[in-house]
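Pasting the structures here.
After this come two complexes, each holding subunit A, first together with subunit B and then together with subunit C.
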Partner chain A sequence: MISVYKHSPAWNVSWLFVFLAGFSLFFADIEVISLEPWEELKRLFMGLLAPDWSNLSEIGEAFLQTLAFAILGVAGGSVIGFLLAQIFHWRWIQVSCAFIRAIHELFWALIFLQIFGLHPLTGLLAIGLPYAATFAKVYAEILEEGDRSALQAVSLDASRISTFFYARLPDLWEHFKTYTSYRLECGLRSSAILGFVGLPTLGYTLSSAFMEGHYSVVWALLLLFYLLIATIRYWVRPALLPVYIIAAPFIVANDSTISFDNVQRFFTEDIIPAPIMRGESLSESWQWLSDLLIHQALPGIANTVVLTQIALVASGILTLVFFPLISTHFFKPAGRTIGHVLLVILRTTPEYILAYILLQLWGPSMLPAIVALALHNGAIIGHLIGRYSLEIKLRADASRGLNRYFYELLPRLYGQFLAFLFYRWEIIMRESAILGILGIATLGFYIDSSIQELHFDKAMILIFITALLNVLVDALSRYLRAKLRLKTNVDCRATNDYCTARE
Partner chain B sequence: MKFKVFLSVLFSTLILFSNMSLSASPNTLVFSAIPDQDETRLKQRFGDIAKYLEKQLGVPVKYVPVKSYAAVVTAFRNNQIQLAWFGGLSGVQARLKVPGSQAIAQGVEDPKFHTYIIANHSTGLKASDEFPKGVAGKTFTFGSKGSTSGRLMPQYYIEKNMGDKVDNVFKRVGFSGNHSKTIALVQSGAYEVGAVNFKVWEKEVEEGKVDTSKVSLIWKTPAYPDYQWTIRGDVDKEFGEGFSNKVKAALIGLKDPDLLGRFPRSGFIEAKNSDFDPILETAKSIGIID
Partner chain C sequence: MIQLQSESASYHGVKTLHDIDLLVSKGEKLALVGQSGSGKSTLIKLIYEHYPVNTALVPQDYGLVNNLSVYHNVYIGRLEQHTTFYNLVNLIRPKSEQVEIVRAILVGLQLEDYLFRPVGRLSGGQKQRVAVARSLFQQGHLLLADEPVSSVDEQQSRVVLKQMLNGFSTIVLALHDIQLALAFCDRIIGLENGRIVLDSPADELTEKDLLSLY
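Up next, the complex of A and B:
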């Protein structure tokens, strides 16, 4: 029998990814290492019953620091990003921004810690720099796609600056505002996790408390963090922002000073590969480099890719499970409320913290990382798809239950679903690399080890490789989205979905 | 209009940034210590040491908590701290990076320090004088990546006795982060075998924090030099002639058993850089120091 039926490209690509993830599973280390993982999980949830607020001054300080670093980092990043957006058509600006974005805030923090030590500039740049690069790109896209009709009414001899302020900005202001305030939420998460590498933010207190199994303190911190994010729209007000921005520098200020010698030494000694510093021959240098590549970079890349591909497909599967939870097509308001709460908690908790929690419970295999990445990303995309599903109008006699899911909704949402998933591909990879700091053998593990051994030259090469890998995945994702004709336009006015998916 | 407000705020921020580092009141001695145990208690542990030093030295003394061994070395190198309670390895690394810096004091126990190899009872491994070759194929955790007693020395002795890299000897190798955590992980069975600083082990056993029915000592490494106080060479210039000798005298003169218990040591004695040469050699042989 000759079949004339042909599967759609989206179908083929989906199965290709599922197959790749299945193949990766053979190489993944997904063992539960702890002998009594459930015992520890029970203790964790017992902590939830009695959060420990006794150390309020320390908790308060950690929160103030988290807020201050986030506000300053995002504010600084948005200004620089805004300026860069004006010249974003320059190719080299685009390339440098893509490269800066490809390096995770935590890696930036590890680098700046070597240059500025405990000075607040470390935290500000770690957030501000990658955020500026992201702002530059998204602001440029907003400018590109914005309504230009007002330009026709502008007099020819109006200066460029006043043209911009009077004919373009008023139309685009809302978009800038929406995206910037969304990034502030991301900034809070970034700021919180910077504590894991030693900044005085939430992560510092959280990881210390976790290390010692003080779960009641852990919950006090987490609950307060959820509250902070959930109420963001009440305390982030245009009128209040200047107050925050002026107060923040005083909060992050500490006694450390910056010495120019340190900055210079970092660039002229620390990151110069050791064989070059020692003036060794070419063959010795090659030996050094190939050692690094074979014993650290390659296994690191392999594990990063394996983790990314499994986590990507797992996120996709969870998305398909999660989105009906908040969709009017499936649940009554009471049920949807539970769904919303679940998804909000999962997407508010930074994946790094989620992975950290699961690692403490199950031990450092890839399993906690996969689960954490899938839960966090599945919740984000699930939320977006759930909201998209509301726009689909079903006939009154449409099928119900599973038939409705598989035959009515899924086919109509699938393109959007794939688009969002591919947007998050690069983000998942960036996170996979960073989770190595927690002990999983991805690139982050080798980068952290090099830094702990004070081999900054090796660390910089590994960070460079990590960034290249990210740029590659980003390009691949763009190629696939174009090939499958998935919707990729920026529409920050109607919703900020693009921003959320893109981060 | 809004945008103008926005811009003016930004400018004021930039101005504020420029003088943000309200630099330390001149001549504050800042010190830190490697975070080798319970990190929630670092401030309690070392805050009182700052007060003691302040009284003895007559200059303001401040303790800053730091999250990793490498960060203490970096802060020392950047002159953000001038004095540090280092481990053997971090001290050697720091003195290599800051020429002129001196090891000035060490714990009474430090010239003859040990690492204990501990095992979960499910492994059936028993204490012995011979290296327990039965650890092969088990899961194993070090302490911090930059630790002497938690990583460098145990790695050296395991590789020497087993004749192979640790990654090949064990089924899985992890880094717990600090010594208290290593004990907790081996006790819970998350790892079957671990390497721990003998002073931390003895202190926690004494305080009843260890369930010795679940985890016990199976082997003790030969003695090696470990922790020491190291001070930067330029402090005499900054704080006045003879300052590093004053710090040394203050540390060696520390007799309060409560304060000494924070380290935990029975007292401090003199130290010099060459005391730690064996650590440097070991670190080179493992490839941690080029």
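Up next, the complex of A and C:
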């Protein structure tokens, strides 16, 4: 007979993460440095009242570039990813893809900028490469989970390719389509933020408008971006895609050329560790490496982990606040509409842009990064959990308000909530690293500084470490999900949710 | 206590109850019998919609929360009687005074071994008794129960029904088991195709009279 009440493992794990985040707070620099942060925020929102469209040609150009890079990158990535999915059972393909995925698009852009300069290839590869690796994995999962009964009915003599097109693709087509169009939305966000490292996309125009304090231009750009993403299903049409793909290369084309000397120098000199280039002894090389590890990698890792853990828990807390806003169990249609608009805005704005804006207002500390990551990820998971809550049927005599929330909804949704949150753990870590480019001392900060000082050898090692850290967190998340028996399979209905949760 | 006059009801757009006239006075123990689809569940819902105050409910699908313990699922019956703060504390650390009341109810239903077990790990019959336990914990002037013993065995059915009779003065039960209906209730309502076709004191009826309904 059990006479003592015991909490569930999910409860204990949740508190473990909360304590880790609380502990991390001691090491996080979260002060507001700016003198009048609220004044500045007010000025920003005043800009919303009168968005400035006067510079229409510049805005239009930024959007064309953003679109063209996204379409080409995602299209290329999906074709390569689809081919890779066919051989995804090869271990080394899985490992390479995991590694490529673990490096954020912005880091890839920083690398390709050194190789190809501002040639369009930089932007295409920065999006296409990590997207191909992600497509390979998710497409392989879709193929894996799909119904195979039609396949068994096909004659063994039929060729592999015709079997695939007749017996497998028709059933799976919807899944491929849904996921690929969802990734195009992600691609637009990725393409937009590539502007922050110098490509001619939205981020570039946005950051210059911000620097000059033209908040009304900032809002014009953001509003147009929301509109673009909200209407994605209307302008992404199978019949129109070839048109886009043919037009895009002409839009991204510019007059910069690839310098083969540059390419060669990058691979044969730039990324070769300096002590080896100089032919130094082993002890000197060790000195160089340990300097790098102790003074850059370690503090970078520590700050990345601190930021990740705080942002993860903050995202979780915001999710629990956000999801009732769009749930029929709590609000009437009018209230839910407000909730939907809020969540759409927060999850459409790339976290990098959110962090950038908050950082300009509050000064460089971890606070803007935490808030940006929590708002963006909380809105994504809140949206998914809110939708799951609609499937719950309550008794006619069910309680209301907070009682309903804590006794009826939360216990039923908590497993799904944790699964989604753990899926995003790795994504939050990748973002934490990248936000370093904005000046927070995570790994991205040290990578960016090394590149600025033209120490590409150091940058490559730091990027490698960042990728390893991501792979580690991904493995940890998988372990916890299995341990807590959280649902992880890609069933047909949930494919898109699963993918949204884990990108 | 209950007064329905020429009421009708639809379920998923299909009319399942027609011209229901029903008068139930305080203290009556009523059994609704009839084939599945005859309108018993809809009638229970209809009565609940008219008399939601001080009424305890055992719905056919129980509506339990799998991830909460048996204790918490039973406690949900009295959420409205306590402050939200008290309820939240109780969710994290069960209140001993409530645990004792719930334990006593579970003893009567032969469920005391499962007090703190998550409902998701119980069998169908055990879940059904948890749903009954919630109604007993909730109390009230009226109990509406839709097939409350469909998943438990004969011996336990009698135990459970006896507890329900002790706990409430006025009861409306949907029961497909004619023997049990005759043994435990004092008035039988027969339903067929959404109409009341029989309404008689239990002691004036035999099993044979009721078999014609099936």
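What we mean here is this: the second predicted complex is superposed on the first by the 496 of 503 C-alpha atoms of A that agree within 3 Å, B and C clash if a C-alpha of one lies under 4 Å from a C-alpha of the other, contacts with A are read in each partner's own complex, and residues count from 1 in each chain.
To be clear about the criterion, contacts are C-beta pairs under 8 Å (C-beta built on N, C-alpha and C of every residue); 3 or more make two chains touch, one makes a residue touch a chain.
Keep in mind that what you see is a predicted model, and the values were worked out from it rather than measured.
Once the two complexes are laid over each other on the shared chain, residue contacts for A:Trp173 go to subunit B alone; subunit C is not touched. Within the superposed three-chain model, A:Glu408 lies in touch with subunit C and out of touch with subunit B [touch as defined at top]. Judged by the touch definition given at the top, the superposed model places A:Leu156 against neither subunit B nor subunit C. When the shared chain is aligned, subunit C comes close enough to touch A:Arg395, but subunit B does not. Considering which of subunit B and subunit C touches more of subunit A, the answer is B. Of the two partner chains placed around the shared chain by superposition, subunit B is the only one that A:Gln452 touches, whereas subunit C remains out of contact. Looking at subunit A, you'll find no residue that touches subunit B in one structure and subunit C in the other.
The touching residues of subunit B, when paired with subunit A in their complex, are 2-3, 5, 9-10, 12-13, 16-17, 20-24, 28, 30, 38-40, 62, 64, 66-71, 73-75, 77-80, 93, 97, 120, 122, 139, 144-146, 172, 174-175, 177-178, 180-181, 184, 188-191, 288-290. Residue ranges of subunit C in contact with subunit A, taken from their complex: 45, 48-49, 52, 55, 57, 59, 61, 63, 65-69, 71-72, 76, 79-80, 84, 87-88, 91, 93-94, 112-118. Those residues of subunit A that touch subunit B in the shared complex are 33-36, 39-40, 72, 75-76, 79, 113-114, 117-121, 165, 169, 173, 196-198, 204, 207-209, 211-214, 217, 238, 241-242, 245-246, 249, 252-259, 262, 274, 278, 363-364, 439, 448-449, 451-455. Against subunit C, the residues of subunit A that register as touching in their complex are 1-6, 8, 393-399, 401-403, 406-408, 411-412, 414-415.
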